[in-house]
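Given below, in the form of C-alpha cells, are the structures.
The following pair of complexes shares a single chain, chain A, combined with chain B in the former and chain C in the latter.
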Partner chain A sequence: MTLGNDELVASALGRLSAVAPHLLHDPDDLPSLVERGAGPLMLRLIEDVRATMRNDQIWLLCVGLTGTFPLPDQLRAARRALLLSDGDLAFVDFLESTFDLGAGTAGLVSDIEIVHRGIVVDVDFCATHLAHTGIQRVVRQTMARWHGNRDVRLVGWTPGGLAMRGLSALETSRVTEWNSYTEPASGEHVEEAPRFKLVVPYESTVILPEVPQPHLCNVLASVAEFSGNRVGLIGYDAIPIVSADTVPPAETERFVHYLTIVKHAHRVAGISAAATDDFRGFSQALQAQGLPVVDSVEVSLPIALPDLVHEPVAEGVASPLVLCVGSQEPRKNQDAVLFASELLWREGLDFRVRFIGGGSAWFTQGFDQRIKALTKKGYDVEVWRGVRDEALLASYAEARFSIFPSLHEGYGLPVAESLAMGVPVITSGYGSTAEITVGGGCVLVDPRDEMTIVEAMRSLIVGTDRIEELRAEIATRPSRSWDDYADELWNDLVVPLATLPLESGTHA
Partner chain B sequence: MPPIEPGAITPVETPKKLTVSERLKQSEAERERLQREVDQLSTVALSKWLLVAHHQQSQAAITQTLSWRVTKPLRTARQVQMKITEVGVAQTAQVVVATLRKRRQR
Partner chain C sequence: MPNQTKRDRLAILLAALSPAERTDAPVGELVAMVAKHLANPSDDLVWLTLAVLKARFPVRDDVVALRRRLRLESPVAVISEVASALSALSTRQALLRPAPGPVRVLTGTVVVDVHHTARTGLATGIQRVVRKTIAEWDTKHDITLVGWNSELTSLRTLSTPESENAMHGTAPHARPEGASEVLVPWKCDYVLPELAIEDSRTARIAAMAEFSGNTSLLIGYDCVPLTSAETIGAGMGAGFSRNLVAAAHFSKIATISAAAAAEYGGWRTMLGSAGLGGPRIQPVFLPADAGTVNDAELAAARAALAVGDLPLLLCVGSHEPRKNHLAVLTAAELLWKQGGQFSVAFVGGNAWGSEQFQQQLAVLKEKGRPVQTVTAITDALLWGGYSVARCTVFPSLNEGFGLPVAESLAMGTPVVTSGYGSMAEIAVGGGAVLVDPRDEQDLARGIASVLFDDEVNEALRAAARARAVRTWSDYADDVWDYFFTEA
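The block that comes next holds the complex of A and B.
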C-alpha cells in the first residue's frame, strides 16, 4: 500500500499524539503542539525525551514515530544518537537513527492505542492457530476465565512481528471459547483482524502465557528490557536445553532465543515445582552477567479436565484399553510402551493400546512404521491424531488405565487429566509427574528401565483389585480445578507485577 | 548646482520612536513568524523522512514477492541483451564472467 505524504504525516501525527501525554513534561502543551503540526510535536517530544534519557520513553518515542516496536539494537542506536547529538540537531539525528526501523516495516501507516498501566496478555499463537496441545490447553483454559472477568487486553502480533495488535472477534473466540468455537468454512467471509491498529503497552504488565514464536523473541526481549513494562510469563519447562538429546535441534535453538525474554522478564510462574526449579536455576546463572534474579514462583497446573460434559461409557465386552496420551516424540517414551505391550501380548495378555497425540514427522514416520508392524502381527494398537476434546474424554472414560512414562516433563498434563477422569495412571517416578502423583491413584516406574514398565502394565491388566484400589485413591484426592489455577495465576503472577514499582533500570 | 528654492525642502520625516510595548509586539510577531517557519521546516523534514521510509518499505515489499523473485532471470536476460547492444558480445561476456566470479566469492 503506497500512501501520499499528507496521509503519512496525518498518521504520524495521530501516533505521536497518542504517545505524547506520556512523554511531554507539560502535557497541557499537547493541543497547541498538535495544532502546529507533526514536525513541531516531534521536535518537542525529542527535546523532552532527551532531557530524561529514560529507555522506556525512547522506546515509546520510537513506537510513536515508526509504528513498530524497536529491537534492542535499534533502541540502543536511537539512544546513542540522542546522547551524541548537539541539541539543535537532535531531531535530525533521531530521524536518521530510526530510519531503518521505519523503512523496514509497514508500521508507518498504523494507528496506535496506548494501554497505560493495564494488563496486556499476548496470545498470538492460540489466536492464529488451531493446535491444541499442552501449552494451548493451559492458555485457552486460563483465558476463558480471565476474559470478561478480569481487566485484561488480549493481543496478537502484526505480520512479521512488528508490533502488538488487538484481536478480531474470531481470534478472541479461538482463545476464550475453544470448546464452542467452530472454524469458519473456507470461503466464508471472516472479519479481518485489525492488523494496523496497534496496541502499545506502557508502564503496564505484559503477560506471556505462551512460548512465543521465534520471530517474536527479540522484540519481546526488547519490551522486557527497555519498554518499562513489567513482563511476566508462564514457565512450562526447560526441556529443549536440559534434555536437548530428546528434541529436534531446531527446538533447542528456538528455546535459547526464548530464554532471552526470560532473562529480562520480571516474574516467572512455573507450572510445577520441577519447572519452577529449572527457571530458578537459569535465573541464578544470570548473576554472572550482572542481571537481577528473575522472581520465580510455582503455580501448579490443576488436576482437571477440559470444560466438557462427558457421557459415562458402559463397560463393554471389548478387551481392556490402555491409553497413552501426548505428543509423539522420543522424550515421551512411547517406544518403551510399544515394547512393553508387545512383550505382554506375546505372553498372551488381552488388551488394546491407543495413542492419542500429534507429533512432527521427525519422529512419527518411524513410530508409525512400528505401529504398522505390530498391527500386521495382529496386535490391537492404534494412533489417533488431531482429535478434539470429546474424543479424548471418551477415550479416558473407556480406558482401564493410562500410561505416561515420559523421560522429562514440565508438568505432565495427561497424568492430571487421567486422574481427573478417575482413571489410574502409570507414570515416571520423578520430577513433575511424581509431584502430581502425590495423593494416590498412580503406579510409579523408572521410564529408563523398560522392565518396570512391563511389570506395572502387567499388574494393572491382570489385577482388577489393584485397579479398584487405585480408583479408590483417586476418589479421595483433593480437587484442584482450572478455576483455581486461573485465580492463583492471577494472584501470584499478575498482581505482584502490577504492583511492582517502576524500575530505576528502565528509567536510567 | 541650481539654487535651492526656499520652501522646496520638506523636512525628512523621522521614524516615530516606538514605545517599549510596540517594540515588544513587533518582536513577538517576528518570533511567531520565525516559529511558524521552524514549524513548517520541521514538518517538511518529517514528512520527507516518512515518505522516503514508506517508499523504501513499499519497494522492499515488492522485491520480496514471489512474482518479483521468479521473474529475476527475465530481468537479467534483458540486462544482458541491452549490454550486448551497447558494447558488443565479447565485452558483455567479460562483464558477465566478472560478475559471476564476484558473486561466487561472496
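The block that comes next holds the complex of A and C.
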C-alpha cells in the first residue's frame, strides 16, 4: 500500500490536534491553528513545549508527531534538540531528532485517542496469546471482574511495540471472558488486518498486570520515566535474580530489563508478602541512583480452584497417594521428594507418588530416568504430563496429601490449589509458601534439608490422625476469592495512583 | 610433580577429616575409615570429600546428590565409587583436559581469590582497589593468593609472575607455570575482592560458601547490572545475578560506599523470599590517592588536553551510557552558545553503547567547538589532566564509588557531580558542586559556576585541599578489621 501525501498530512493534523489541548499555552488558539494546517500547528506546539521543557510534554509531542511512543534514548535526543537549537531552527532539529521514531511509518497514518486522567491497563500478552498459566490466570480473572464494572481502558501494543492501541472484540474476549468465549478455529480468518486506533495515556494511570514481553520493556520504561503517567504493576517474584542459578541466563537477562520499568514505576502490588518484599528490596537499592521510592503493597492472590466443577472422589482401597504438582525443574525440588520417597519405601511404608506437570527436556530427561530406576525397583511412582484440569482435580480428590517443597516461589499456586481442594500440603517453611499455610492445613519443611521432608511425609503416611486434623483445619480457613482479589487490587493499586496529585512534569 | 593416586587423595582427605588417624593404610582400609566419617554426614564433609577426591570443586547439585546417596546407600560403596571416578577419568577425558595438579588442603589461613587481577593488563577501578588492598595486606598479614584452573573448576596456586601482577600490575601477561596445585580451603577464610561473573566459577564459589564451612568474605562494588540494566551490555545481568547467588551465602560484604551498601541491602531484602538471610553488609569507604606529576608531565597533559589558554573542563571515564557523557556535551554546548569561553577534554575509552556520544561529539567538532577526546590513558596524563583542569565533571547516573570525583578532589581540583549516591558521599568532604545529572540545564549551571566564577572556584579549591586524607593503608586496615576482627 502506498500512502498519499494527503493522507499522511491529514493523519498528522489529526494526531497533533489531539495532543494540542494538552500542550498549547493558549488552547483557544487551537481552532485557528488547525485551520492553518499541520505545519503551523506543529511549529506552535514545538515552540510551546520548548518554553517549558517538561518531559511529559516532550513525550506527548513525540507521540503526536510520529504516532510512536519514544524510547528513552529517543526522548532524550528530542529533549537535546529542543535545548540546543536556535530559535526557529528548533522546528527542524526537533523533526530531525524524531526522524527515526517516525520511520516506523505505521505510526504516521494512525489516529490517536488521548486517555486523559483515566486508567489504562496493558494486557497485550493475554489479548494476543492463548497461554493460560500463572500470570495469565491472574490477569484474566482480574480483568473479567474489572471490565464492565470499572472505568478502565484495556490496551495492547501495535506490531513491533511502537505504540499502545485498543483491542479488537476477540482480543477483549480473550482477556475478559476466558471461560465462555469461543476461539475461532485455527485458519479461520477473523479480523481484517487491523488499523487500530492508538491509545495514548496522558496524566493517567497505567497498570501493567503482566510481565511485559522483552521488546516492550524499553518503551514502557520510557512511559514510566518520562510520560508523566503514573505506572503501577503487579509484582510476581524476583526468582530470576534471587534464584538466578535455577533459571536459564536468558530469563535473568529479560528480567533485569523488566526491572528498568519497575525502577521508574510508582507502585507495585505484590502477589504475596514475600513477593512484595522482593520489590521493596529492589526499591531500596534505587536510593543509590537518587530515584524516588517505588511504593509497594501486598495484595495476595486468592486461594481458589481452577474454574471447573469437580466431583469428589472417595479415597479408594489403593495405598495413599502423594501428589506433587508443578513444572519439573530444579527450583521446585522434585528430586528431594524422590529421595524422601525412596527412603520411606525402603523403610517399608506403602504409598504411591504422582508428579503432575511439564518441564524442559534438559531437566526432565534426567528426572524421567530417576523415575524409571525407581519403578524398576518396584516402587509406585509416575509422572503425568500435559493433563487437563479435570485429571488434575481428580488427582487432588484422590490424594491423601500433596507436597510442594519448592526452594523459591512468588506465590506457590499448587499449595493454594491443594488447600482449595481440601487436601493437606507439605511445603516450604519460608517465603510465600509459608504465608499461604498460615490459615492451617499444612506441614512445613526446610526444602534444603531433605530429612525434614522425610519426617513430614512419614507423619502423614503412617496413620490418619494427623491428616484428619489437617483436613479439619482446612475446613475452617477463611475463604478468599478472585472477587476479593480484584477489588483489593483496585483499591490498593489503582486508586492510590489515580488520586496522586499530578506532578508538573519531571523537570521544571 | 607426579600425579596423585587414589590412595594419595584418600590419605589427604582422611588427614583433613581426622588429623589423628594413620593414613598409611591400604586403599580398602582408607575407604572404610573415610566412610566412617561420612555416615549421615554434614554438608561441609560432603563438600570436602568431593573437592579432594575429585580435585574439582563441586557445584550445589553435586553436594546435594552425594549427601543423598550417602543417606540411601552404603557409605563404603559410595566413597569407593567417588574415589575411583578419578582414575576412570584419566583415560578418555585426560586427553581433553589437563590432569589436575596435586591436591593440597589449606587450613586456617586467609585465601584471597585474585584470579582475574592476577592475569589482566587492565588497571581500572576494581583492579586498583584489589591491588592496593592485597599489597597492603601482604605486608601486614599472612595471606595466600589464589586463582582458578583453566576450566574454572578448582582453586590453584599462582605462579610468581601472577602473584606479582595481582599485587602490582607489573606482569600483565602472567601465566600459570607447570601443573599448579589444587588448593582446597578447609576451615579457612575465603576473600573475594574482585568481581567474578563466570558461571563455572560463581557456581563453585556458591557451593563452597554454602556448604564448605569456610568463612566467605566479599568486597562489593555496586549492583549496577541489577539496578541499571539499561546501561549495561548483554550477558552481564545473568552473570552478575549468579555472582549474587554465591554472595547470598557469604558472611560479610564490605561495600565501597554507603550507596553500594544500599544496593546490596536492597538485594538482601529480596533474599527473604528464598528463605535466606544473606550476609552482613557494611560500607568501608574507598580512599583516593593524589598522584604526583612533574613539570614535563604537566606540560604534556596541557598540550594533549587543553586548547590554547581556555579554561579546561575535564571529564574522566569511559563513554558508556551510565556515565552520562551525552549530558556533558549538551551542557557544554548550552554554555558555548551563551558565549562561554572554555574547552572540554574527555579522557577515557570507548565502551558499549557510546555511538550516540560519538555522533554528538562529531556534530560539535564540526561546529568548531573546542572539545578533545583521549582514549589512551596513562597515569601521567590522568594526574596531569587533573592538575591542568579548572574543573572536572562527573555526572554519572549510578556509581558504586565514582573514583574520578575522589581523584579530582585529592588533586585539589573542584568537581561538578551528581547530587546523590556515592558521588554525593564523596562530595561531603568539600570541593564539589552537586547537580541533577538527568537535567542538562542544571548540569550547565553547575559547570558555569565553577568554570566562570573565580570566587566559587577558589573557595572549592580551598575546600578540596582541606579534605582529610584517607590512604590505601587506612582502607586495607578497615576492611581487614571488619572482616576478621569485628564479631
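To be clear about the criterion, the second predicted complex is superposed on the first by the 423 of 508 C-alpha atoms of A that agree within 3 Å, B and C clash if a C-alpha of one lies under 4 Å from a C-alpha of the other, contacts with A are read in each partner's own complex, and residues count from 1 in each chain.
As a convention for this text, a contact is a pair of C-beta atoms (placed from the backbone, for glycine too) under 8 Å apart; a residue touches a chain by one contact, two chains touch by 3 or more.
Predicted model, so just to flag it, every value in this text is computed and none were measured.
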Of chain C and chain B, partner touching more chain A residues: C
Partner chain in contact with A:G14 - chain B first, chain C second, else both or neither: neither
First, second, both or neither for A:P496, with chain B first and chain C second: neither
Which of chain B and chain C A:Q289 touches, first, second, both or neither: second
Partner chain in contact with A:L95 - chain B first, chain C second, else both or neither: first
Contacts of A:G166 with chain B and chain C, given as first, second, both or neither: neither
Which superposed partner A:G39 touches (first chain B, second chain C, both, neither): first
Chain B versus chain C as contact partner of A:R80, first or second or both or neither: second
Contact footprint of chain C on chain A as seen in their complex: 53, 72-73, 76-77, 79-80, 83-84, 86, 218, 221, 237-238, 240-245, 249-250, 252-253, 255-257, 259-260, 263, 274-275, 277-278, 280-290, 330, 335, 339, 342-343, 346, 407-410, 428-432, 446-448, 450-451, 507
Chain A-facing residues of chain B, complex: 38-47, 49-58, 60-61
Chain A - residues contacting chain B, complex: 1-3, 5, 8-9, 12, 36-40, 42-43, 66, 91-92, 95, 99, 102-106, 108-109
Touch list for chain C against partner chain A, complex: 60-61, 64, 68, 71-72, 199, 203, 206, 222-223, 225-230, 234-235, 237-239, 241-242, 244-245, 248, 259-260, 262-276, 326, 330, 333-334, 337, 356, 360, 397-398, 418-422, 436, 438-441
